[in-house]
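Look at the two complexes coming up: chain A is in both, with chain B in one and chain C in the other.
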Partner chain A sequence: MRTFSVLFYYEWRHFRAARGLVLLTGLLLLVGGYGIYYGTTEIGRQRRHLAELPALARRHAAELQAKFPGPADAGEIGYYHHTFAVHRPTPWAGLALGQRDVHPYYLQLRLLGLQGQLYATENVNPTKALSGNFDLAFVLVYLLPLYVIALCFNLLSEEREQGILPLLLAQPVRAGQLVAAKLAFRGALVLGLALGLSAAGLAWARVPLDGRVALWLALVGLYGGFWLGVGLLVAAWQRSSSFNAVVLLGAWLLLLVLVPGLLNVYVAAARPVPQGLALTVQQREAIHGGWDRPKSETMARFYAAYPQWRDTAAIRERFAWRWYYAFQYLGDQSAAPLAGAYAGGLRQRHALGAGLGWLSPAVALQTSLHALAGTDLPAHLAFQHSATRYHDALRAFYYPFLFRQVPFTHADYARLPRHTFTSPTDTGGARAGLWQLLLGVGAVGAAGGLALRRPIRPR
Partner chain B sequence: MSYILEAKDLRKEYPGKLALRGLNLQLAAGEVFCLLGQNGAGKSTTINLFLGFIAPTAGAAYIGGLEVAANALKTKQYLAYIPENVLLYPHLTGLENLALFSSLAGFRYRESELRAYLAQAGLPAEAVARRVGSYSKGMRQKVGIAIAVAKHAQVLLLDEPTSGLDPKAANEFSALLRQLSGQGTAVFMATHDIFRAKEVGTRVGIMRAGALVDVRPTAALNAQELEQLYLTHMHD
Partner chain C sequence: MVTSIAQKEFVSIRRDRRFVVLGALVLALLLAATLVGRRAAAAAQQARAAAQHMVNEQFRHQPGRHPHRVAHYGSFAFRPVAGLGFLDAGLNAYTGTAVYLEAHQQNSVNFSPAQQAGALLRFGELTVAFVLQTLVPLLLIFLCFGAFTEEREAGTLPLLLSQGVTMRQLAWGKIVGYGRAAALVVGPALALAAWLLAAGAGAGAGPLALAGRLAMFALSYAVYFFVVIAGAVLVSAGQRHSRTALVLLLGAWMVGCLVLPKATANLGAALHPGPTKAQLDAAVHEQAQHGLNGHDPQDRRAAALKDSLLRRYGVATEKELPVSVAGLTMAAGEAYSSRVYQRHFAALTRTYERQNALSAWAGLLNPYQAIRPLSMGLAGSDFAHYVHFQQAAEAYRYQLVQRLNALQAGMGYGDKERRLGAATWRAIPPFAYQAPGLGWALGHLLGPALALLLWAGALGWLGLRRLDKMKM
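This part shows the complex of A and B:
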């Protein structure tokens, strides 16, 4: 134990002397801090926008009240009145933005057909979306392994290349002790940094202290452990530092770029999803066709879904709002199978990709962190589902006005349904990632251990 | 009689090459054995076998009566090793390098004791707290000697220790070896330096193609005779 602590202490001395590594450590801390700042600032911006929505809704209602000073036709109000479906972020979202930058975090809804509104969002700059977010999850998933590589590429080869290893191994020191001390020091540094940054991020984002904190830390710790294991495995081959560096960078490229890219292609091919455009076109054609279809046919189909309004007054006018909203509803219904297939296909793609996370610990970690943060695709689909239910509630609110032909008064604005939705955190998905990472750590650890059974060459 | 260093039919084969052919050798405490031979004769292989860096193909190496292959860690407590070029951590001072290697050998010294060892090895006091990166080869060699002395090793394994040293440093090194052997340390030195072998050795061995072909007490030969003997064996 004493030999181990001596070796461990001198690893610290060697590290301190290696200015490049000290600089790199500082740089990682800096970019980690920036990642926390970037993510929490982005979520802060989204929160500010969401906080402004109630005032916007009130202002809009006031405008409508000015436009319709007395009791109004609910059809007019339903047509013009915007209301919001709100996707609130969890406190975790600032640490792993996931898809919150590409998917809308609120929807502006009217009583019209829903499907078009679900996808009518502001354009996202595709170049920015491609480059991704510089949040803490990015730093941990992509940059932490590079730091581990910088620490481990010369784990044993440095002493051999400097010619110090023969003198070291001529002391009563087991080669295993030497490797263990080196790895333990690097492990302490990597895990200290990764967990320290995580702890700082969790504190900064004010996440509630519950089991998810332990899950996040375990995921990050295992990921760091995986890359340390890769470093050990490569060091155990006892090749030159430059060879090790090339192999380790190759592993980084393979596991962080190539495998995720191939997984993406495979998942897209294995789980085809109908085009979103086809869904929108289908709905628009159905709605626009509603103008030309006989009203009786439209209403018969509508009453089949809403029999409670069957006995209301027949439509004899050239235009009636309840007929208008009926064919809006039928437009949604005609696109429903496609919409279901689209959402279901996306869910299947996500599940397949997440299930293959064992092929790349980077995929496993990223998927898990986004699941924990409630910023992944299932969280967005859950929001869409919630927005759909909200639109159903809007219909249920307006239909009595429309079909009983009750005027819409100013007091009714306050009775309009409100919506809010907070992303669920998928701890089950994160736990699955934990097992995948454990598998990865076990595999590289065992392979490294086996490779180290070969005696260490001093020269 | 018990020997502090012993080789019994020690043999080492590499694929396609026989590096050592059944070496038999014994060294008593205080003896200085100089092994002469050309490059590739098997001198370094012999030292590596005593260090436990490589495993013998047959036979056994013993340090302090213990078989090296079976007791690698224990036998390393008895021996110190000084390679041809002592390479140390360049960012640590001579003092810190000595503290590190002494700690690994199980000794914990105060700074004054470490300085005394370095002074005994001949390292100038002004260099002690300087980083080793600024040391000459001779100065590093002296730190290597201090490491060996501070370890209180019973056996000193030296691989071309005076190669590249200036005459003054080589002389100081020889004097230190004599002092250590006078204190009972057995020295096994692989060298090309016939003059140095005659000067510090109590026995000299000539190795050729992995075999120890001649062993003589140095007292029985003068430098010229030793050189002649060496050349004769090399040209056989």
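This part shows the complex of A and C:
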């Protein structure tokens, strides 16, 4: 044990003397700090924008109140008035922005057909979206392994190349002990950095202290452990430092670039979602066909879904708002199978990709962190589902005005239903990622242990 | 002299098993990316063309309707896949594919592939451009890092120099030799791309324009690879040990391909925040309602229009007018709100261009950030091309709605009670997008092209000149 601590201490002195590595460590800390800052400010900006929405809705209502000073036809109000469905981020979102930059985080809704409004896009600079987000998740997933590679590529091979290894092994030190001390030092450094950055990020983002904190730290720790295991495995091969660097970087490329890229191609081909374009076209056809169909036919189909309005006055006018909204509703109904297939297809796509996370720990970690932060595709689909229910509530609010022909007064604006939705955290998804990471750590650990059984060559 | 050095390098690279294996891997990846990219692009193009055809047919086969109903029925514009999109998908995954064109409002372009993909997409797409921009340089680094250091470590450098070769000649020879090896890896993939283009010609833009784009594409990458090879050889010449040269070059690769692009894009967006869709829509609505100057409300504009019509035709009431006031009011309103929208859209585009400017300037520091915009611009999948599509779709929307408004105006008083025959809709031309030509694209790519040439000039001329002054 004493030898171990001496070796460990000398690793520390060695590290302090290596200017490049100290610089790299500082750089990683700096970059991690920037990632935390960037991600949380980005989410802060989204929160600010969300907070402005009620004022926009109020201004819009005031404009309508000026336009209709007296009691108005609710049909007019439903046609013009925008309300907002808002998707609030979790405090975690700032650490792993995920897909929150390409999915809209609020929707402007009117009483019209929902399917024409549900897929509207937020203003996004596509060039920026392509470059991606510099958040803590990026630093952990992409840069942490590179740091491990920089620490581990000359583990043992440096001593061998400088001719120190024979001298070292001539001392009363077992080779296994030497490797263990070197690895333990690097492990302490890597895990200390990764967990320290995570803890700083969690504190800065003010996440609630619950089981998710432990889950995040466990995920990040295992990922760091995986890359240390890869470093050990390559060192156990006992080749030159240049060779090790190339192999380690090759592993990085394989797990962070090639495997995810190929998975992406595979998932897109295996689970095509052609319904997006089709459902928009379908719903427009159904809605506009409503103008040309006999009113009685439209109303009969509508009453089948809403029998409570069956006994209201028959429509004799050329135009009536309740007829108009009835065929808007029927337009959504006709697109519903396609919309359901679309959402289901997207969910399957995500599940297929997440299920293949064991092929690359990077995919497993990224998917898990996004699931934990509620910034992935399922979170957006849940928001869309919630927005759909909100639109149903709007309909339920307006229908009594329309069918009982109650005038819409200024006081009614305040009674309009409001919407809020906060991303769910998918701890189940994150736990699945944990198992995938454990599998990876186990695999490289076992392989590294086996490889180390070979005697260590001094030169 | 340079040729024989180049020949020696080329032969020894071909005999190096490691390079043969790595090179074959990259070549296989390139060929696979070309084929897969081609298939995916063709499938996407087919789906969008089919959708466009369907909505065009639906528009043509409308029954007799009032023109304003048709304006609300509207149409769709589906963004065609760019000609070389299968080589460089560029922004294709992050830009929408379909926009609904209707009266009174400009809708967002929806259904971007990124919205339909899980987080996997954010790891990057395995396109030809990706392999060329990031993986081939890595291969070249492995090839070149020992260019001088190995000679130095083996003690062959003084022997070479004693034969009367200058350092500069030696470096040129090595660059040419490595360049030939790079061509061996990249050439077949580009040839395959050219063959695929020639075989599938006739789809979209003219084959000649695409050939021009492909030629410029290949030329840009040739310059890029020269920059990478020359840079790596120069770093190798300046170092004593192969290991330090390798670590330095790999570090530069990571910073250049991984850290800087993301950091500059994020910083640019933070420096120039753009309006959200809700803010933009509210501003457009506000100005369309109350006038661009805030003192010209819509109802007053409409009343003034009606008065001027009555005066012009010398009649007292709307009933006697030969034109429909509603139709003309609608046309004037559309013209006004479109003007307002255009202003805001132009401002938004400018904001995004300002956000991207930081990355563009970084091209002077980082060749990767010069080739990336150049490549996607030539492929037709960059921001400028996307804006071009959006503007074309909006121009079509505007003329369609105004044409329908004019039809309504011509119907005279009481138009709401009447409909126009089904034949009317068949006479309206459908949306047909014409992607801009090579000249237009090049006009937007001067910056990155210049940055890349500057790199090539600086390394090829200044860098190599410094070699001769170097002490061995």
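Note that the second predicted complex is superposed on the first by the 457 of 459 C-alpha atoms of A that agree within 3 Å, B and C clash if a C-alpha of one lies under 4 Å from a C-alpha of the other, contacts with A are read in each partner's own complex, and residues count from 1 in each chain.
Everything that follows uses one rule, which is that a residue touches a chain if its C-beta (ideal position, glycine included) is under 8 Å from a C-beta of that chain, and two chains touch if they have at least 3 such contacts.
Worth saying up front: this structure is predicted, and the values here are computed from it rather than measured.
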Query: Which term applies to chain B and chain C once both are placed on chain A by superposition, clash or fit?
result: fit
Contacts of A:I164 with chain B and chain C, given as first, second, both or neither: first
Message: A:Y10 in the overlay: touching chain B, chain C, both, or neither? Say first, second, both or neither.
response: first
Query: Between chain B (first) and chain C (second), which, if any, makes contact with A:L209: first, second, both or neither?
result: neither
Task: Examine A:V173 and indicate which partner it touches, taking first as chain B and second as chain C; both and neither are also allowed.
output: first
Query: In the combined three-chain arrangement, what's the angle at chain A toward chain B and chain C (CA centres, steps of 10°)?
result: 90
- request: Figure out whether A:P458 sits in contact with chain B (first) or chain C (second), or with both, or with neither.
  value: first
Field: Partner with the higher number of touched chain A residues, chain C or chain B
entry: C
Query: Given the touch rule stated above, what does A:S131 touch, chain B (first), chain C (second), both, or neither?
result: second
- line: For chain B relative to chain C post-fit, closest CA-CA distance rounded to the angstrom comes to 16
Task: Touching chain B in one complex and chain C in the other: list those residues of chain A.
output: none
Field: Interface residues, chain C side, partner chain A - complex
entry: 29, 36, 40, 47-48, 51, 54-55, 58, 63, 65, 69, 72-74, 76, 78, 90-91, 93-98, 100, 107-112, 114-126, 130, 134-135, 138, 142, 242-243, 246-247, 250, 254, 258-259, 261-266, 268-270, 273-282, 289, 348, 352, 355-356, 359, 382-383, 386
Task: Note which residues of chain A are touching chain C in the complex, please.
output: 20, 31, 34, 38, 41, 45, 49, 52-53, 56, 59-60, 63, 84, 98-99, 102-104, 106, 108, 116, 119-134, 138, 142-143, 146, 241-242, 245-246, 249, 253, 256-258, 260-265, 267-268, 273-274, 276-278, 280-281, 284-285, 288, 291-292, 346, 349-350, 353-354, 362-363, 366-367, 370, 376-377
- line: The chain A residues in contact with chain B across the complex are 2-3, 6-7, 10, 13-14, 17-18, 162-164, 166-174, 455, 457-459
Message: So in the complex, the part of chain B that touches chain A is made up of which residues?
response: 51, 53, 55, 73-74, 76-77, 79-81, 83, 85-92, 96, 100-101, 103-106, 144, 147, 157
